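Shared between the two complexes below is subunit A, which has subunit B as its partner in the first and subunit C in the second.
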Partner chain A sequence: MAYKERMGDGRLVEMSKEEMIRDIEAGCNDAAERGKISALSEDAQERLLDIMISPERVASVEPENTVVFSTDNGCHSLYGNFSEAGGVGLPIHSVTANMLMERALGFDSVFYGWLDFCFKAAKAVITQHQQELESILMNTVSPCIYGAMPNLGGYYKPDGPFENVGDLMAEGKILEGMEVYERLVDHAKEDIVWVSEQLTRVGVDCINIDTTGAAGDGDFLSSLKACEELKKQTGLSIEMGMASEFVMGIHGGLEYDGNVLAGMYPHKQVKMAEKAGVDIFGPVVNTNTRQSTPWNIARAITFTKECSRVANIPLHPNMGMGVGGLPMAEMPPLDAVTKASKAMVELAGVDGI
Partner chain B sequence: MSNENLLEIIRESIVKVDRETAVQTVESALAQGLQAIEVIEKGLSPGMQKVGDLFERGELFLPQVMMAAGLMTQIVQSLQDKMSPEQTTKKNGVVIIGTVEGDVHDIGKNIVKILLSVNGFEVHDLGRDALLSRFVEKAKEFNANIVASSALMTGTMQAQGDLETLLKEAGIRDRVKTMVGGAPCTQYWADKIGANAYAENASEAVTKARELMAAQ
Partner chain C sequence: MGMAVAHGMASGMNGMRTAGDLVMRMEMKGMKIKEAKEYVAGKLGVGVPELSDEYRMKEVREELDIGTVMAVPGAAKGLRAKARIADILGIEIPCVEKLR
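For the complex of A and B:
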């Protein structure tokens, strides 16, 4: 018998049960080998197979297993246009969009952040952000999350004061590049803290320091330092979402709490986040577009389950385009999204999505 | 020590950026009768390929990648006078590479550039936020075999499709092969826009580039 499944790029394929068993095992083993963690047990792999072979269009969990959603996009899905922001391009304002998300679609949190999604750039429009955020807060009940990313790349010339670290290293100026990169960290941290403080003044419920680590280990370090400072100064709730499954080593030697950040996988990242005072951690597991969805979901569950096992704070894994086992497609297919989400809840034990 | 053992030491010394061991072992390999081209193709290049693989697994970091590439480049240059004129001028192909206009993400593209360069490709890098017209100009100027474009955002990957059109309009699409890469790209995307190849990561980019050249 053949089952309809997806490839990591979203294409529909037919797979036999045996092929799916093989892919689930291989996906688990790949995560175990890379993360130096345990693979899923045979029971868990069998349960995942049950989820994957279900012919239903939408998979779900039993009522007592439902989890909350936090969002790093939310209203953008409604008013952002399709290719630029992964949205459906409705001509509506962020306040209306958030009211729809909450009242019509039942989202557990509402969201604000501008489409360009960068703390540094937000400094220039902070008053507008305060105005819009206040309007959202006045018209919604659910917790309101403000999200942006550290985006260390925004500090390079011509947008910032620093030489591009990649260019310096490519010219053989390795140490100079590393020194410049170290200096970037505190600049980004200051901007995250300043923007967050300004939004605290109008009552934001939570800051999502998102897509953390996109520009490497310094990016992650700036987020951790910012979180630490914000916690001390404001007590603000903080969610931290990662950019990829491991912290890319642009410097390689940057440390937090005595730990080298570069090369960390989710189960180690979450311990750094805890130390910094993060309230909700959003691990990422990347999708391999050449592998099947059973392979990718098995891999994502293996990484996330270990992260969940060691975490003392709630986990809301990133489940979207090209992460969390989902296909790399602008609109990830519903079957893959719901099967992966069900597996995350039932097998990886996550607290939210 | 066997030739294979010497080549293995060369490979590992590139991964560890151990200059002294690399230089000494290359000299031993040559003294033992290995050809310079064998040292490059079976020792240095696979070593650098492993560096790329380890970077993509989070086990090696950018400074080590850059230093390993620098070490390999130096050793290859020192071997030039030990190779025949045919070998020294032999290129695996000419590649124009860049991150498409509107997109400033270039870490991955730079790793691809390094791996292609140390694997015998002549690479012309247009940098980041590169105008599509520059891809066409440089492809003509250097009589390129491959035009490789990188995009990290769904909003900029459309430029890879536009590049296909521009190459056709310039009348050179039939004599160059195109490769696409970057986080949102997939084989499906490559097929959709008519690109000749998609690479999931830097190591695969080298494999794909070789396959494209072999097919020409």
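For the complex of A and C:
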């Protein structure tokens, strides 16, 4: 018998039960080998198979097992453009968009952020942000998250004051590149702290330092240092979402709390986040478009389950397009999203998404 | 947009339709889902399973006047609802503190 399944790019394919069993095992083993962690048990793999072979279009958890959602996009989905926000381009204001999210769509949190989505860019429009946040906070009931990313890449010339570290290294100026990158870490940290402090003045509930590590180990380090300082100074709730499953070693030797950040997988990243004072951690597991959805979901759950096992803070794994076992497609199909969602909650034991 | 709704259908508490916004507030304080649900249920005086029940939570939310998704005239909305949530959950909500 053939079952309809998805590839990692969203294409519909037919797979036999034996092929799915093989892919689930291979996905688990890939995560276990890379992360040096345990693969899913045979029972868990069988439960995942049951979820994957279900013919219904929508899978769901039992009511008692429901979780809550935070977001790094939120209202942008309604009034943003498709490229940066996966948005549907409605001509509405951020306040209206958030009221729609809360009342019509049942979101657990509301959201605001600059469409350029980095702390450096937000500095130039901070007063506008404060004003819009005040209006959102006056009109909504759910907790409000402000999101932006450290985006160290935005500090390179011509957009910023620093020489491009990648270019320097490509020219063989390795030590010079490392030195520039080290200075950049504190520069980005100061921007995260300054923007967040301005937003606490109007009463924002939580800062989501998002897509952390996108520009490498320094990107992650600047976020951890910023979080540490913000917790001491403001006590603000902080969520940290990662950019990918693996911290790239652009520098390679940067440390936090005596640990080298480069090469860390989610179960080690979360311990750094806890140390810095993060309240909610968002691990990422990347999707391989050439593999099937059973392979990708099994792999994502293996990494996330280990992260959940060691975490003392809530986990909200990223499960948008191309991460968390979801296909890399602009409109991830309903069957793939809901199967991944159910599997992540039931098998990885996460606290939210 | 549809992707977030799909997650909501599959595994979400669905915000103010139930007690999702309240549980979310407690997770923002570092509580894991089990602890957060137990805390909120205790403060609302309901059982944990009731937190995900739209029918029951509509009654509870209207009774406590902490905001619902329905446009009920005269019912607490926005900051007024959040001020009541802060009192009931025994937490500080930053924008409510600004008001006070």
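Keep this in mind: the second predicted complex is superposed on the first by the 351 of 353 C-alpha atoms of A that agree within 3 Å, B and C clash if a C-alpha of one lies under 4 Å from a C-alpha of the other, contacts with A are read in each partner's own complex, and residues count from 1 in each chain.
We adopt the following convention: a residue touches a chain if its C-beta (ideal position, glycine included) is under 8 Å from a C-beta of that chain, and two chains touch if they have at least 3 such contacts.
Owing to the predicted nature of the structure, the values given are computational and were not obtained by experimental measurement.
Undergrad: Determine, for the superposed arrangement built on subunit A, whether subunit B and subunit C clash or fit.
TA: Here subunit B and subunit C can both sit on subunit A without a clash.
Undergrad: Pick one for A:D279: touches subunit B only (first), subunit C only (second), both, or neither.
TA: second
Undergrad: Regarding the shared-chain residue A:M178, is it in contact with subunit B (first), subunit C (second), both, or neither?
TA: The first partner, subunit B, only.
Undergrad: After the superposition on A, what does A:M248 contact: first (subunit B), second (subunit C), both or neither?
TA: First partner only.
Undergrad: First (subunit B), second (subunit C), both or neither: which does A:G153 touch?
TA: The answer is first: A:G153 touches subunit B but not subunit C.
Undergrad: Between subunit B (first) and subunit C (second), which, if any, makes contact with A:G322: first, second, both or neither?
TA: first
Undergrad: Consider the C-alpha centres of subunit B and subunit C from the C-alpha centre of subunit A, and write down the angle between them to the nearest 10 degrees.
TA: With subunit A as the vertex, subunit B and subunit C sit 170 degrees apart.
Undergrad: Once the shared chain is lined up, is A:F220 touching subunit B (first), subunit C (second), both, or neither of them?
TA: In the superposed model, A:F220 contacts neither subunit B nor subunit C.
Undergrad: Which touches a greater number of subunit A residues, subunit B or subunit C?
TA: C
Undergrad: Mind working out whether A:F303 is in touch with subunit B, subunit C, both or neither, as first, second, both or neither?
TA: In the superposition, A:F303 touches no partner, neither subunit B nor subunit C.
Undergrad: Quick one: is A:R11 in contact with subunit B, with subunit C, with both, or with neither? Answer first, second, both or neither.
TA: Only subunit B is touched by A:R11; subunit C is not.
Undergrad: Give one of first, second, both or neither to describe whether A:W295 is in contact with subunit B, with subunit C, with both, or with none.
TA: neither
Undergrad: Using only C-alpha atoms, work out how near subunit B sits to subunit C after the chain A superposition, in angstrom.
TA: Shortest inter-chain C-alpha distance (subunit B to subunit C): 15 Å.
Undergrad: Which subunit A residues are contacted by subunit C in one complex and by subunit B in the other?
TA: Residues common to the subunit A contacts of subunit C and of subunit B are 86, 321, listed in rising order.
Undergrad: Per the contact definition, I'd like the list of subunit B residues that touch subunit A in the complex.
TA: Going through subunit B, the ones touching subunit A are 55, 57-64, 66-67, 70, 104-107, 110, 154-155, 158, 183-184, 186-189, 200.
Undergrad: Taking the touch rule as given, give the residues of subunit A at its contact with subunit B in the complex, in rising order.
TA: Per the touch definition, subunit A meets subunit B at residues 8-11, 34, 83-86, 153, 166, 169-170, 172, 174, 177-178, 216-217, 246-252, 262-265, 288-290, 321-322, 328-330.
Undergrad: Give every residue of subunit C touching subunit A within the complex, in rising order.
TA: Going by the criterion above, the answer is residues 1-18, 20-21, 23-25, 27-33, 36, 48-49, 52-53, 66-67, 69, 71, 77-79, 81-82, 85, 93-98.
Undergrad: For the complex, which residues does subunit A have touching subunit C?
TA: Residues in contact with subunit C: 58-61, 63-71, 73, 77-78, 86-88, 102-109, 137-144, 200, 202-206, 236-237, 239, 279-280, 312-314, 319-321, 326, 331-332, 334, 337-338, 341-342, 344-345, 350-353.
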